[in-house]
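What follows is chain A paired twice: with chain B in the first complex and chain C in the second.
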Partner chain A sequence: MSCVHAFDLSAHPPRPEEDLRSFLREQTAGGDRLLVFFAEEPSPGRILLHAVSGGSGPGRCVHACAEASPRSFRTFTDVCPGTHWFEREIYDMFGIVPEGHPESNPLRFHEGWPKGFFPLRGAGPASEQRRGYRFLRIRGEGIHEVAVGPVHAGIIEPGHFRFSCAGETIQNLEIRLGYQHKGTESLLRGKPGMRQVLLSESISGDTAVGHSNACARLLERIAGTPAGFWAETCRSAALEIERIANHCGDLGGLSTDIGYLFGAAHFARLRGTALNLLMRLSGSRFGRGLNRVGGIGPRVPGIDPGALSAELRALLAEIEKAGEILLDAPSVVSRMEGTGRLLPHTAETLQVVGVAGRASGRDIDARRDFAPPRFAERPPKVVVAAEGDVLARARVRYEEMRSSCAWLSAALASPGAPDETSPSRPGPPSAPGGRALFVSIEEGWRGEIVHAAIVEAGGDIARYKVVDPSFRNWPGLAFAVRRNVISDFPLCNKSFNLSYSGADL
Partner chain B sequence: MELALQIPAYLVLAPFLVGIIRKAKAFLSCRQGPPLRQTYIDLFKLFRRGIVRSRTASWVFDLSAPVILGTSVVLAGATPLFSRAVPLPMHFILYIYLMSLPRFFQTLAGLDTGSAFGGLGSSREATVAAMAEPALLLSLCGVGFLGKSQLLDGMLGGIPPGRIFLRPELILIAGTLFLVLLAENSRIPVDDPATHLELTMIHEAMVLDHSGIDLGMIQLAAALRLTVFSALITGLLFPGSLSLPPVLALPAAALKIALSGLVVGVVESGMARMRLSRIASFLMTATVLAVIALAVRFAR
Partner chain C sequence: MFESVIGRKRTGCVTAPLPFGDLPAPFRGAPAIGPEFSGGAAAEICARVCETRAIDPVSRTVDLGRCIFCGLCEEACRGKGIRFSSDPHLPCGTKEHLILGATPPPLPKADRTLASLLGGSLHLREVSAGGCNGCDLEVQATGNPVFDLQRFGIDFVASPRHADGLLVTGPVTRNMREALIKTYEAVAEPRLVIAIGACAISGGIFRGSYAVEDGVGEVIPVDLYIPGCPPHPSTILYGILDFFGRYPGRKPSRGGSLHGAGGEEESA
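For the complex of A and B:
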């Protein structure tokens, strides 16, 4: 199973910081992508930095660990720009300063949080007092600033956007998050069990299936009790239906933002249809309560595979009808084409993942690169576009829905037997020898989800790290809107449709 | 008698027109939509409410809503709706610039509150207005030549009845005026009156800081303006409707307004909003149409 990897930490002692630098440089040059970069404090005052990367070959996943000083480390952004937000996060959570980092503003906390508060730091106050937030000032004739949020004119999550504009043109966008920090990573520590799976469903409400799949598989690997074939079928089916539902919602949202009534009305309706399928499969319209450690929930009704296939076919027919009209309408195409372009080079450098990454020419998809059980036997078609504009992101979504439906119909032809669904309690960890790092990767609808857990010799999770695709893609949005007019920002924003909760954790 | 009825008729028909557009849009996206009386209820509610105003706002802000509504009422008095005679006969140049007066105050009020959105909306509105003006001016010139008058009521009333299909310049002018209607009344594809996204708004961004009775006045003025444009265009296309017997005149006027509401609703449902930079070419098209109409007129 290449979607979960285990690394024995006791067998490989941490290396010096410079080794991690050369590791990251080699990985970036070798075509691997950074999956997760995080810090932990195994004993008071001792800080370890972990980096996991992979993806250049099927199932390839490598790990490096370095010892860092508890006060600071030299930034890795020069060799691997993908660590940019990870390093800011390390500072916010541990108070370790990344020396030479291009950005010094807090990422996780807004100005209301107390100074010197580093939630994952076990002991001792921070080495340095927290600085206030300072926006980048652009000066010049006619430059004006527009501040939007954190409270928006709609029922959406909070986030602050600061635009520096010359007339209508955006020169710089500064995205300030941290209004939804709820201590997810601290809550996920402790004894592995059902608690983590249920919590993971709330990391980002629209990705309940994606996150809980990743979490459940991680815990199953720790316990050594893999889920059965039928349970994996249900998980994959729920994942793909969640993808279809959200992509429908996004195409509807894009239509709303450009005032295209037809698309808005029909894709909102189709999203509902897809969510209702998820309801019948898992008992919740958002796929909550589906996963348990070792299988799927005991009260999950499940669905007759034949009936699900038939309903999917009907749904796909409607999606195709509406999608063709939407993506062929001249007024829609002219509005989306060339808007919010994220160049492939930028996407590569920032390591943008998921739909946004694939729309900018990045041929990455965890369902193929780190295939979960049902995807290993039959990889789905990965949809890639090169243009990187709003239209490309809309088209990738549309094509992904079609490829998801095709994949799911094929997978449902051999669903396995439902009697295997007996969720077992997690047993003792499979590697009782010492500390181990487990990494689980899943392609949620928005992009690559990575869960990493460091398990102590006793079996407890000492550090749980979650990477939501939004966390990787927010910097991409800031680059995509540069040189666009400010009235196109909502459209660009919707075309990325990132989660605030998933980034703030 | 008829003259005294004209302005009240406009005031009653204006919310009706907005309701018709909403109904048409809802119907075309398989929804039921709010009932027609909803627009009246909303206005009534706003007129009973107090005002919350920005601390940085000056007397310009306070003055804007009454001026906007007042000017729109004057315009309604000058535009024939169901008879050739109007209570306020007006030279067409004065008419065009009275149309700009509410916008002038609206723009100032948008800037006055010091909010970034108001500023954005004002600058966009001024740009769109500057580009729409030549098209409006040229098309009213064309109507003047057809109706052989410089007064608005005179030119509309002076159009000889007959089959409009034999007069291409009339159709071209009506087309131009329809494009101007979409631009001047912040309809799709120029603006989206239903959007909640502050950053994309044009007209709505300027209105964001208005509330209560001020907002009610501005919304009524916007509806009046749309009705005035509709009356202008339908008056051109159906010149006979201005010389009907009094019993038929009012229902005919309501029918005309409803028809133009349907057309606006269908157009709005069928297309997405343009990006801001394309509005220039959209309004350029309108101007060129007006020029062609004038050329056709003089080629005869």
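For the complex of A and C:
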């Protein structure tokens, strides 16, 4: 299985910082993408930096680890701009300064937190006091600022947007997050078990299946109890239904934001139909309770693959009817075309993933590149567009729903047999000899999800790192809205539809 | 344009009538507790697997304010102690009303002033205060064509100044504490506060984290708690309408016994 990788840390001692720099430079030049970059403190005052990248070849996933000073390291953004937010996160959580980093503002901690508080740092002395937040000031005649949030007008998560505009045109957007920070990664440490799976369902509620699939497979690799074929069929089915539900929701949301009520009403309803399928599969409209360590919950085997296939076909027919009307309507196309363009070059430099990446020409999809169990037999069609505008992101979503349905119908034709054993009690974890790093990758509906865990020789998780695709894509949104009129911001924002909770953890 | 008119006609009316029926299995709705839980070994077995400490094996109660409806307890006791019905009518009210197995105090209703002022037309401002967005999505879904909360004179507004109350999701992160208080203060009195979902009631799965306040009630006064993780849109609508005495028909299961308590036999 190439969607979960294990690296023996005791066999490969950490290298000097400069080696990590050349590793990142070579990986980026060789067509690999950065999957995760994070720090850990294996013993008080000792800091290790881990980078995992891959994707240029089937299942390719490589790891490098460097020893860093407990006070600072030289930023890697010059050789690999994709480390940008990861380095800010390392500062926030560990208090280690990325020297020369282009942006020094904290990502997660606001005023009011103790200045020396770094939650993942042990008792030893941390580097320095946390800096205050300073917004970028754009100067010039007629430039004015618009501040939005954290409490937004709609029923959505909190975040702060600071626009600097000349007239109606956005010159710069600064996105300040952290409002949703819940300390998830610190809660994920400890003995591996159902606690992590349940927490992973709450990393981003709309991606409960994507995250819990990644988490369950990671824990199964640690415990040495892989899920059966049938369980993996159910996981993939849930993953694709989650994708369809959210893509429907997004097409509905885009319709709302341009005042196209037909699309808004129909796609809101179709999203509900898809969520109800997910409920029939898992007992929850968001696929919660589906995953257990070693398989799936015992309520699931009642699902009939034939009936599910038939319902999917009916749903797809409705999606196609509404989707064609939506994407053929001249009033819709004229609002979306050319709006919020993220250029392919920018998307690649920032390493934007998922729908937003594919709509800007990035041909990446973890279902093909890292082939989770059922996807290895026959990867789905990867939908890529070059334009990078709101319309491209809408079209990629629409085509992905069709591709998902086609893939899932084929997968449900050979679902495997439900096994009788309840998997909810996994055996004790099989210690991999010494310290080991486990990495699990899944293509959630928004994009690539990466879970990484460092497991001690005793079997406990010492560090659990989560990467939600939103974390990779927020900087992309800031670029996409430049030179657009501010009244188009809601439309641009919806076309990315990023999770605040997933980014803030 | 004609296509969209035809499409609309073909779809017809999809709005669900009240009272809501049971949802299709295997939906995990109102749990029922059985004699094995009240008197046998099941309480201990269930408590051992519960990651949010919703189950108290000493008092033999289940706190729906902490329950995330993962179903692990039902699996551990093989349905003998706790079994989830597919009834979306969960007990709502104060925190005490969410505890199954204890004798509940009388169900709270909106006091007469609040009911007469807000009961007919209720405008709410939603504040997501650190949730995972699951509850927000279900609150949003109450406005879709199936649940259509506007038919009851309830709506969500963009400004707290236009609102009669707040609907809060999430455990209240330390980073959202101040924004929540300011939003609350911006709502004119009399004001209603509804906390939705396990996180907003007790901190849920995030309870005890350094970054959260373990529930809305720790920060501002709450009038109505609606449990779930996330609550189904029909649970949310039921909770709000019943608070104002406007929900027809069914009453929630009080978790007395596994037989007949959850209304499992009723059809949708």
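In this text, the second predicted complex is superposed on the first by the 490 of 505 C-alpha atoms of A that agree within 3 Å, B and C clash if a C-alpha of one lies under 4 Å from a C-alpha of the other, contacts with A are read in each partner's own complex, and residues count from 1 in each chain.
The criterion applied here is as follows: a contact is a pair of C-beta atoms (placed from the backbone, for glycine too) under 8 Å apart; a residue touches a chain by one contact, two chains touch by 3 or more.
Just so you know, these numbers come straight off a predicted model, no measurement behind them.
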So, after the overlay on chain A, do chain B and chain C clash or fit? They fit
Ask   = If you stack the two complexes on chain A, which partner ends up touching A:Glu145: first (chain B), second (chain C), both, or neither?
value = first
Look at A:Ala265 in the shared chain and tell me whether it touches chain B only, chain C only, both, or neither; answer first, second, both or neither. both
Max touched-residue count on chain A (chain B vs chain C) belongs to chain C
Margin query: Per the contact definition in the header, classify A:Leu136: touching chain B only (first), chain C only (second), both, or neither.
Written below: neither
Margin query: Applying the document's definition of touch, where does A:His110 land relative to chain B and chain C: first, second, both, or neither?
Written below: second
TODO: Have a look at where A:His181 lands relative to chain B and chain C in the superposition and call it first, second, both or neither.
DONE: second
**Asked** If you stack the two complexes on chain A, which partner ends up touching A:Ala386: first (chain B), second (chain C), both, or neither?
**Response** neither
| said: For A:Leu199, using the defined touch cut-off, is the partner it touches chain B, chain C, both, or neither? Pick first, second, both or neither. | reply: second
Checklist entry - Looking at the overlay, does A:Ala310 come into contact with chain B only (first), chain C only (second), both, or neither? => result neither
>> For A:Ala417 in the superposed arrangement: first (chain B), second (chain C), both or neither?
In response: neither
Taking every C-alpha pair between chain B and chain C in the superposed model, the minimum, in Å, is 5
Chain B and chain C footprints on chain A meet at residues 153-154, 262, 265-266, 269
In the complex, the residues of chain C that touch chain A are 3-4, 7-8, 11, 14, 23-28, 49, 51, 68-72, 75-76, 84, 125-141, 144-146, 156, 158-160, 170-171, 173-176, 178-179, 183, 199, 204-206, 209-212, 229-230, 232
Chain A residues touching chain B in their complex are 144-148, 153-154, 167-168, 255, 257-262, 264-266, 269, 329, 331-332, 334-335, 339, 485-491
Per the touch rule above, chain A residues touching chain C in the complex are 108-110, 112-113, 119, 150-151, 153-158, 178-184, 186-187, 194-195, 198-199, 201-206, 208, 249, 262, 265-266, 268-269, 271-272, 276, 279-280, 282-286, 288-289, 297-300, 302, 321-322, 325, 422, 424, 499-501
Given the complex, residues on chain B that touch chain A span 25, 28-31, 116-117, 119-120, 123-124, 188-189, 192, 194-200, 268-278
